[in-house]
Amino acid sequence: MNVANRNASAPAVQWLERYAAVRQQSVALCAPLSVEDYGMQSMSDVSPPKWHLAHTSWFFETFILVPYFKGYLAFNPQYAYLFNSYYQTVGTLFPRAQRGVLSRPTVQEVLEYRKHVDAAMQSLLTGTVHGDLEQRLELGLQHEQQHQELLLTDIKHILGGNPLKPAYRQLPAGSTCATAAVTWLPHTAGVRQIGAQANDFSFDNERPRHRVYLHDFAIASRPVSNGEYLAFIDAGGYSRPELWLSDGWQELQQRHWQAPLYWQRQDNAWHHYTLGGWLPVPAEQPVCHVSYYEADAFARWAGKRLPTEAEWEVAAADVPVRGNFVEAGYLHPQAADAIPSTAQLYGDVWQWTASDYAPYPGYRAPTGALGEYNGKFMCNQRVLRGGSCASPQSHLRASYRNFFYPATRWQFSGLRLAVDI
Amino acid sequence: MNVANRNASAPAVQWLERYAAVRQQSVALCAPLSVEDYGMQSMSDVSPPKWHLAHTSWFFETFILVPYFKGYLAFNPQYAYLFNSYYQTVGTLFPRAQRGVLSRPTVQEVLEYRKHVDAAMQSLLTGTVHGDLEQRLELGLQHEQQHQELLLTDIKHILGGNPLKPAYRQLPAGSTCATAAVTWLPHTAGVRQIGAQANDFSFDNERPRHRVYLHDFAIASRPVSNGEYLAFIDAGGYSRPELWLSDGWQELQQRHWQAPLYWQRQDNAWHHYTLGGWLPVPAEQPVCHVSYYEADAFARWAGKRLPTEAEWEVAAADVPVRGNFVEAGYLHPQAADAIPSTAQLYGDVWQWTASDYAPYPGYRAPTGALGEYNGKFMCNQRVLRGGSCASPQSHLRASYRNFFYPATRWQFSGLRLAVDI
Amino acid sequence: MNVANRNASAPAVQWLERYAAVRQQSVALCAPLSVEDYGMQSMSDVSPPKWHLAHTSWFFETFILVPYFKGYLAFNPQYAYLFNSYYQTVGTLFPRAQRGVLSRPTVQEVLEYRKHVDAAMQSLLTGTVHGDLEQRLELGLQHEQQHQELLLTDIKHILGGNPLKPAYRQLPAGSTCATAAVTWLPHTAGVRQIGAQANDFSFDNERPRHRVYLHDFAIASRPVSNGEYLAFIDAGGYSRPELWLSDGWQELQQRHWQAPLYWQRQDNAWHHYTLGGWLPVPAEQPVCHVSYYEADAFARWAGKRLPTEAEWEVAAADVPVRGNFVEAGYLHPQAADAIPSTAQLYGDVWQWTASDYAPYPGYRAPTGALGEYNGKFMCNQRVLRGGSCASPQSHLRASYRNFFYPATRWQFSGLRLAVDI
Amino acid sequence: MNVANRNASAPAVQWLERYAAVRQQSVALCAPLSVEDYGMQSMSDVSPPKWHLAHTSWFFETFILVPYFKGYLAFNPQYAYLFNSYYQTVGTLFPRAQRGVLSRPTVQEVLEYRKHVDAAMQSLLTGTVHGDLEQRLELGLQHEQQHQELLLTDIKHILGGNPLKPAYRQLPAGSTCATAAVTWLPHTAGVRQIGAQANDFSFDNERPRHRVYLHDFAIASRPVSNGEYLAFIDAGGYSRPELWLSDGWQELQQRHWQAPLYWQRQDNAWHHYTLGGWLPVPAEQPVCHVSYYEADAFARWAGKRLPTEAEWEVAAADVPVRGNFVEAGYLHPQAADAIPSTAQLYGDVWQWTASDYAPYPGYRAPTGALGEYNGKFMCNQRVLRGGSCASPQSHLRASYRNFFYPATRWQFSGLRLAVDI
């Protein structure tokens, strides 16, 4: 099981409420969509919103209802094939790149599937919740929260690639204050500890908590802004191979990158697609939708570097999880003063770190299918830290490790600089 | 213009009625669909049903309303980009393979677009209809009928590839009589004429009517049946390279063909997906959803050959256009006696011919964008003749040339044999 | 067997001499090469020169020595796998696209293989040569002549793609006379006969001789020249989709065609790679290294069309096979007066015809492996007629059908126009 | 510059001798080849031997002769384009995947190029060698040694993929003693230092020497043997997704891996291609030609893990660089007692580590083109340690970092296990 020992069992009623709230939120996020939007897969990384709604239900069905709820009848036995994401040990998988050609089950049928699962879960949760069940329940809810963020980034990609550039919904205006100059927060060398604290929930990949040796470093007081990134573009950043990793330069050439994803020149000014529609790029907001390769090239151009994930975690360890999350409703990174938070460590944009996504010393993947949750992805990916404007606040913590391939751009991914001192 | 001189102008009221009927039929064909089905593109050859509904409207808008209806306001100027199929000279094209990721415009918006175009067309048609306008109107309606057949074949591919195998709608039971033995209808050598008659409507590719020399030949009295095709499969037809064209053998290996499209073994018997759902393959029905390569390999195995299109047309010249068309409602090829027709020349299945899709002697593509309708496709494709169970009856004639690449299988494509005598 | 009945058996001594001469010529064509050149495969269509030398020997070994020469011992049993080109019924095939990574057998070993085969053949040919053996011998020699032309076009591609642009050998200067204006040679409509004459050697694809109906047409008195083709380029021919077949336009875009193969702008003038090295493009020579798509687009731009293969053959029927062949040593198409010949019908450049490569009425592929020689390629290819500056003169005749895919450019392929009259 | 400060300048005569020896060794390694072998590129990772001989010369020419040897005339100015491997800042690059289609320059010309460069280098080295020049000279020689190992692995791939399976040369018989049981060498937790020592030569990627925190661990006393790896294969290792990283499982499926590279079943026993030819796989030798994914899956199956590079370096720090290197002439990993060495840490097989190839804390790539030597590859690759049977002994040290993509198999790559204690 990739859930750590929680401090104390919550009473069943609290589980019921939390389950209902989390589940309801997924459906609510889809409310602005047309039926047609639910089935789209705009690239192979993206899953149709409908698929997210079904897959998260499949997760509860497969890992909780089937083993723990006696007499449970699957809503439709074929869904086990259609909505298994990547659990090879559970059975065969419908090909990921084909998720967008499944017009059936319809949205209505998927919503009924959700109700079917929810009803069974509610029955189950009226009994005692403890031990394994509790851990799997926690995992199921955390899993659904992960998919809530993916729902938003996938919806953005589906709508943002449409030439009609439809808004997801109207977004509140943010702050337009100028960006404060970066200051550098110093940390001295020594052995530090990172990883999840003993009694909190965490994914398995945040454990075990362990020692690392850090050298002297300083970390920037805020993420890199659009204005700063524009200076990189204007300095020819996308046409100077010496600034790029070799693999990054190849991606840039093959995909004809000239700016972050969703950016285009129009009438001599950069515009970008946001969930609120097509807008000019504001200089004061954190830059977003850049790949690791772009983040790394920017840092090299700036004469700085990206922090390691250990550096980031040490810097964030004592900072409260406050910032621009999904609950704020902006659904876009904001200028620093829009939502006061320490150094914008949490929220706004995920921050690419220099760290390979690797097992922590002593890590062992859980046995069984849930061992596939995190461990098997520990190769070729980079860790991002901090959460974004699309993350649920309750989902985040200092030890949280997000991870994507270095060419990934459709997440709310930005960067924060670090320096040796 | 790829419409020939029609015999006589019809009064405007007849145009109005015909326009309304044809347009209504496209919408009616989509009635059994869920909203989700309208947007799917299950392979790059397939277009979403929604796209067909929009594109056929764009055709009337672009080629009739814009030039002929003074003051016409486009429903949405971006649709010219989204719903242009392949007319390079009209403007840039939205990439064909991406049609399935356009959740917007929604089905509702597309239906409104249709109404907008229909209202303008109705206004236009209350005036006098003659000359160029009449020819373009005829072309627009024939064009829409072509897309009605594509709608059905695309819908079949969208639903048939879904693991849930949903039926499009319930289909009437057909005849289950055994197949009569094939007889061979002889034709003697000589100079013959093929191509559209002077006064009838035809596409430009059916003209000019011209002379060809045919050698003695005989043509089969009916298409090849599933039962006969099963014998080919059982004889190892899909594993004997000597029966196949070189390019066909390569396709077979790359795509792992072992039977016609939509066929699968289940419980030791061949089943196939039909628009009525998942069913056993009946021996007495014409075989369907085979590529040119399969048709050619079958013919070689049988010691026969495919007819040329000239042979087919000479054989069909005096046969009335009767048979199993879309109006019959079967939406699947039927055993010979289900709908009496001469030799099943028309309806049931399109019949692959041995002929390359080439310009007739003296052919010149029309000038302007409508010259792109047929002429630019005259390379690498094969002619099919006769129409299918998904074709509108009024759309067919002896000189009609359908054409697809030789690897194509998602059309209702079967075969009829010929022999030298 | 794809060899027709020859008129009369030649005495064995003549066979011996002819065999020796043809075999020697293949080796002689490679004489200017460095050892390193023999193994290169510059694209998958190209075979290494070494491979040609081995494959032609394999052909004699497989189809003559093994069945007819008692006690023949294969030089190396693995060569049957390495040097089988495409005869599926003979055994498994080494992948074509990998021919260029076989450093072994070495050139020396391949030459020894040739000697081994030649010695056995000479022993065999001292006996009586008749019937089947004679036919296969004829086929083997014709086959080797086909590969001699491929040797030259493949060598050109291997050297021409090298940035050092090494010449194959010094070539003689040709004529630099201006091109005469085209005149149009008329032919009246009627039933004509095409295909190989009864008693001559031909490949199976030239048979049976049969009737065709031709409409009135006229054919150009010479091929299209570089000067004329440059006018097409200068008129924007490569950027006007309305001039191109749909598939051709797609090729042009994917491959970034802007001129014939081997052409590049340098110092404001077009240059091209020839077997004699890097030279300015002379206006008076026939244009060469164009695909069918380019030939077709040029013809459309010129308001003309390509002839069908039947038209070409009727026009060439009584013309002696004279012209600029490999024996002349130019190894490049020449201005009309370099080597007097009627209308340059033979030699200089293969001329793309409008005809699909299809079986003639009544055609049946021979049984056995040699039936794979021609028949299985009768799909998706276009017929070229006439022979080129790289063809052996004795290999050509009016009924000869060469065939390549329409995107092919590395052959000495040009075009001749035709018109309806 | 990616060379660290060397302890003391050597007299010019020593440089001359060393230069001559290293350069001569590259040519000597190619001596067993046929001319045809020199030009082959059997996959895009492989470079033709001829290319290695030219590229290493280009390196001296570009980075030493051009800047330091006044009046130097390039042998051929186009070679700068043909033989630049990946230095974007030096100029445009001939496409890597096309290296195998360059028949020219010939082997002879490349050897003349080498002589031209060597003559100039010898003139230069008769003068004083110090400072920058000395550093670049050292780098050039180390660079050439790297290519000597690549020469052997590329030659193995070129010959090993040939169906004739030619031996590179006859190899000496090794020991056939049974493998000793593994013992586990323990290390206690704490802050350790890794990275190159101040005064020795190293590449830039081995610096700066820095502190790391290591947890308690033990490392195996020898690499994993063929016999142990066969047990993994026999246990279904290649068909159990739960043992594999997600990306590794995908590679396995796409490339149909069933055993290490060069292995095939024959007569019910595993055989493999070695530089000495086609041989049965001996159980007692270290397993070789496995990817990172296979190494990782084996470790997981064995209930162990791969060491990190820091663990490996700490374990190797005080071990003398002795073992089975290229000088021993085996050119294949040997059973433990063939060449006594401590734990076979050095030689035999490169050992995959669990570590991402990343910059060390404080690392800065050198400025200028030589900064491209290592730094830009620090993404998506894994570190290997120890050297192999194809490495020059003088090229290795404890801090040496080799790196390849995790799917790489054509290097002499094996593995050593570690455990937490």
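First chain written, first letter: the chains are A, B, C and D, and each begins at residue 1.
Note that a residue touches a chain if its C-beta (ideal position, glycine included) is under 8 Å from a C-beta of that chain, and two chains touch if they have at least 3 such contacts.
Note that the coordinates shown come from a computational prediction; the quantities given were computed from them, not determined experimentally.
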Mutual neighbours - chains that touch subunit A and subunit B alike: none
Graph distance between subunit A and subunit D, where chains that touch are linked: 1
Chain whose mean Cα position lies farthest from subunit C: A
Computed distance of Cα centres, subunit C from subunit B, in Å: 38
Computed distance of Cα centres, subunit D from subunit B, in Å: 59
Whole-Å gap separating subunit C and subunit D, where each centre is the average of the chain's CA atoms: 47
Two or more partner chains touched - positions in subunit A: none
Touching pairs - complete list by chain label: A-B, A-D, B-C, C-D
Interface residues, subunit A side, partner subunit D - complex: 86, 88-89, 189, 191, 210-213, 215, 241-242, 244-249, 292-293, 296, 354-356, 358-359, 361-362, 371-372, 376-380, 406, 420
Complex contact set, residues of subunit C against subunit D: 34-42, 50, 78, 81-82, 94, 100-107, 158-159, 161-164, 166
